Amino acid sequence: MNCKSITTGSTHELDGTLFCQAYRYMLTARLLEEKLAALKRSGKIVGGVFLGRGQEALSVALGIHLRKGDVYAPLIRDQAGRLAFGEGMLDALRTYLGSALGSMRGRDGNIHRGRPREGYFAMISHLGAMVSAVSGALIARRFRGETGIVGATCIGDGGTSTGSFHEGLNLAAIEKLPLVVVVANNQYAYSTPNSRQFACDNLVDRAIGYGITGHRVIGNDLANCLEVLQKAVAAARAGAGPQLVVADLLRLIGHADHDDASYITEAQKQSPLGRDCMIVAQQFLLEKNWMSQAELDSWQKEIEVEIEATTTRVLREPAPDPQEESWIPFATSHLHSESL
Amino acid sequence: MTSITYLEAIRAAQARALEEDSRVFIYGQDVGSFGGAFKATKNLAKEFPGRVMDSPISEDAMIGMAIGAAIEGMRPIIEMQFADFSTCGLNQIVNHAATLFYRTEVPCPLVVRLPCGGTSGGGPFHSQSLEAIYAHFPGLVVMTPGTVEDAYTMLLEAINIDDPVIFCEHKFLYYHLKAEALPTMALPSNKARVTRPGRDATVVTYSAMLHESLAAAAELAHDGYEIEVVDLRSVKPLDTDTILASVARTGRLLVVSEAFPWGGVTAEVIARVTAEGFGLLDAPPQRLNARDTPVPYHPALWGTHRPTASTIASALHRLLKL
Amino acid sequence: MNCKSITTGSTHELDGTLFCQAYRYMLTARLLEEKLAALKRSGKIVGGVFLGRGQEALSVALGIHLRKGDVYAPLIRDQAGRLAFGEGMLDALRTYLGSALGSMRGRDGNIHRGRPREGYFAMISHLGAMVSAVSGALIARRFRGETGIVGATCIGDGGTSTGSFHEGLNLAAIEKLPLVVVVANNQYAYSTPNSRQFACDNLVDRAIGYGITGHRVIGNDLANCLEVLQKAVAAARAGAGPQLVVADLLRLIGHADHDDASYITEAQKQSPLGRDCMIVAQQFLLEKNWMSQAELDSWQKEIEVEIEATTTRVLREPAPDPQEESWIPFATSHLHSESL
Amino acid sequence: MTSITYLEAIRAAQARALEEDSRVFIYGQDVGSFGGAFKATKNLAKEFPGRVMDSPISEDAMIGMAIGAAIEGMRPIIEMQFADFSTCGLNQIVNHAATLFYRTEVPCPLVVRLPCGGTSGGGPFHSQSLEAIYAHFPGLVVMTPGTVEDAYTMLLEAINIDDPVIFCEHKFLYYHLKAEALPTMALPSNKARVTRPGRDATVVTYSAMLHESLAAAAELAHDGYEIEVVDLRSVKPLDTDTILASVARTGRLLVVSEAFPWGGVTAEVIARVTAEGFGLLDAPPQRLNARDTPVPYHPALWGTHRPTASTIASALHRLLKL
């Protein structure tokens, strides 16, 4: 029997330390993204700015359960997960601001960044494409006899409609790869509502058709996200094959900087979907007495200071110099000759 | 004085087609009540209920759907959110739409609107110019309007044509390029146009590079050179006659495109001119394309990746000395 | 609730006339394909010959439930369905033999044939591509206010792995189109077994993920095929949205003329999957006393005579003349000028 | 005397790469125990257990998987069942594999094997030559071997190269073309080769058209003409120097390709030669491609759709009189 049952998180003991750590990444992501938005408004960032406001809990819950040595291909709303996976805010700011010192050296920008050599893949824009790429990395690891590793990637509700997503997930299922795919169903793809994107009750219903395990998660509830993602990542790591995690939530901001998201209905904003995961998480950790408000305030200060300092530093860094640019698309040196 | 942008012209052409022809409908991501990522279909969903439909993120199925509808006599317009994403629907375009008439004698009248070309900060995946890719495949008409007037009349013609048309719009022109009014007359889309007459050299170009080339020609006019600028308007079919007539006048040819350098429009134009008009040339024909790397994100890199008025002017100066 | 339940045929009254009619199409397909194979062996057919041996019951059951005015995009193993939909054997022979008088005029060959103007689509080779094309035709009909029509297409187990299949089916589900997609799971895609193609228990498990109705059918049992396809086509026609019909069966021949299908296991051949649908159907109609053996024999004679006569006729027909060929890929006359 | 075919050379190169380099694996439809649609991987699954894997019919995922594996240091070889189906994986090839090194400085060493070109009865979807499409995109190496020896050495080089290689094999050559033994020496894949020396005109060509061109050259030899034939071997990078040196000797150029006529290799070669070697030309450079329709199924149509020894010979006769 290949078609695994669908699980949803059930409440058992939560790890307070992990929760607080996750919250700190979320807070960092939220504040960093606010800075990015400001830098865009002031003209310092050119091109699109894509923010994950409202999706930090889900994003961080995946990133924090990954380890060094795992493979991670975040998507556009994964600032929190990126931080949790180990990306410093330096890479984010450098890529957005086009610093020559960034990992993308001004050649690519915004969320199209990563350090593939470190298992941190740099997404291409074409949605769905990263699923098979992460699968390939896992097959490479399998060839090398590495076990206990996990590959993970994220996608939106809209991205599930791509042929690439289908082919990648099916391939991973055939190979029984330790892959976790997190679908952030934020109800819209850009302006397009779920009703114009798919016709099943819940995207988790796709899992059985691939013969993989499906999980549902409340996307703006950090406690639930941590629990379900812990389970999904552990299952993949233990060899149970691909895990499809589907979250319901809202993005609390436009698709990109120029979009006011007026298409999101008032009813949705007022529903549980519209709760801000930052507030939910903060209330939870205060209630649990894991942290005090004063501690939270001092975190916020610290993070703000770091963001300011890093921004100032990156703004002083050199832009790529077109005169120095090699304009070489090849890694193989003998292919470089101009006359070829 | 009111004015109309290149983007508004595209919207207006679609509005008119929807108005006049009940076979026309529009399908694409966010084209419905949102009006499209660039607002090229703004208000159309409201004005033409049920005929401007949001699609899922499924470029292959979007084109396949349009093919089936076209076979049944409709005139679908498909908006790709960016030209770059059309690679995900390329198979249906080049192997299904493009071959249908030749195989079955049934026409496949559809239009794929591609927001093409670079903008500052666009990066590798939101900047490509893919006209050469589509033009290589038999059965596709590839239009590349470079003026507000052409954007309007050529899109109307594209919708009327019985063949699949790849309609390459340039994002850089969307908001910046303006005209005073919509045109009432149209030059057929398969004719090139001499936009600026000259006698010392011919620049053959199209789309956004038309404007860079005109700026370069203006610059060279200060030095007393009269540069003729030919706007291809469509790259397939390609109006070789107009190009040859221009080269016959000037004896010198520079072909300029924003696309990647290997193959493509510049190579095709030069190959035709040298095969058919070798004797007309007083100097080796030259070409200018983007560089042979992905389109870089940073404005400083992007600005030197594609041709500009200044690199075109330099190329012209070199050509005039050859 | 969008996710429809999965049905399998339950035995109720079968229409003997329909059954016999279907059987005649199956027999015609079987005999015609044997002729095609012979023509290939004798060098009269150039290029691939793709036969549907063993899949006639499933194929005919779809074709026979379609009406004039419906849209049908058969695939490579659908000779029986094509005949039932109304294609004469003339089109098949002309296309395989490259007659200039055929619907494809020698420009395309073998199973790449159709008459799109008559709702009979001509497949392209790229698997999955026809799902969205048929959907587009149905959307066109909807625009024109036509109701009560159905669009149908077929695909193999291998074809379900294409992104195109996924995108097309999802689109049809969103639009609630009257589409029937028949998946002939003949256990192999060329030589590739199901185990390397997907990981779910049964491909019908995909239906729930699209929010459409799934049906299972015994692919080599004409009675079951007729019953399930009748139900599926009727449901689509009545507005119940897309119907996914998944059949289990074996192809009793190689992928194409050059393939001996040695990869099909003996166990599979000996299992119920390996039963020849012709024999099953013949036994059934004899048992039911719907026809006598003598009647069947005379059918066979009639069909053989027609095949011979048609073949002889087509073999005398002109080949396309390259000198007369227009070499024009465009329908629009002013695009034809040589200088363009 | 034993002999080895073009197809066997391809199989042998893969066997050797699997043998010598543990990073190499093969992935494609039916490449496993079946040995591939053309038997290019015959017995390899048995000889190299676990390293020759059947894929689902998922061209996009096949390439995506190879990219991920390549990032992790493997050297995947992807077999497309036919070049024509690579359009379904094109997005991953041109936007993911091709851009990876430029964007991230991480190499993407993978090989996509494309069974290309026409055969009798192949029809529109099993006959295409797509080298021009891939060559247009920055970051891809495109090899087009036309001999048994090159099929072997160039495939080995393709596997060794740190960049994504589109390896265009010609199906027409698979079984027909034979050599006596596998080569022990290799010309680098980015160098063109003068296959037949001459002085009256140069034919630049590649892949199966090499043999049609050689036959045409032999025919013209009967009339006393010495035709030089240059085999490009790779179309990207393109060895302009060798072409220019040949044109310098002969003064006349015909470029021959089996691909569709708009753009592509013939246009690129002519554009380079006229830009850089205009003065070397004694006559207008000419080109010969397939016709601008889908590849027809019927042998009689197919035979006149692509260039042949006889149409090449006619083109040469015309060129010699220009």
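Per-chain numbering from 1; labels A, B, C and D assigned in written order.
Throughout what follows, a contact is a pair of C-beta atoms (placed from the backbone, for glycine too) under 8 Å apart; a residue touches a chain by one contact, two chains touch by 3 or more.
Since the model is a prediction, treat every value here as computed from it, not as a measurement.
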Number of steps on the shortest touching-chain route linking chain B and chain C: 1
Any chain that touches chain D and chain A: B, C
Distance-maximising chain from chain B - centres being C-alpha averages: C
Euclidean distance of C-alpha centroids - chain C vs chain D, Å: 36
Inter-chain centre distance, chain A versus chain C - centres from mean C-alpha coordinates, in Å: 43
Centre-to-centre distance between chain D and chain B (centres being mean Cα positions), rounded to whole Å: 30
Per-residue multi-chain contacts in chain B, two or more chains: 55-56, 58-61, 84, 87-88, 91, 95, 98-99, 102-103, 124-125, 138-139, 238, 291-294
Two or more partner chains touched - positions in chain A: 104, 107-108, 112, 124-126, 128, 161-164, 167, 170, 174, 196-198, 328-329
Touch-based graph of the chains, sorted into line, ring, star, complete or other: complete
For the chain B and chain A complex, residues of the former touching the latter: 29-30, 32-34, 37, 53-61, 82, 84-85, 87-88, 120-126, 291-294, 296-301, 303-305
Complex contacts: residues of chain B adjacent to chain C: 25, 51, 55-56, 58-74, 76, 91-92, 95-96, 98-109, 138-139, 141, 161-163, 188, 190, 237-241
Chain D contact footprint on chain C (complex, rising order): 45-48, 98, 104, 106-110, 112, 124-127, 158-159, 161-164, 189-192, 196-198, 263, 319-322, 325, 327-329
Chain C contact footprint on chain A (complex, rising order): 1-3, 128, 161-167, 170, 173-174, 176, 195-201, 203, 205-212, 241
Residue ranges of chain C touching chain B (in the complex, touch as defined): 71, 103-105, 107-108, 112, 114-117, 121-122, 124-126, 128-141, 143, 163-164, 167-168, 170-171, 174, 328-332, 334-335, 337, 339-340
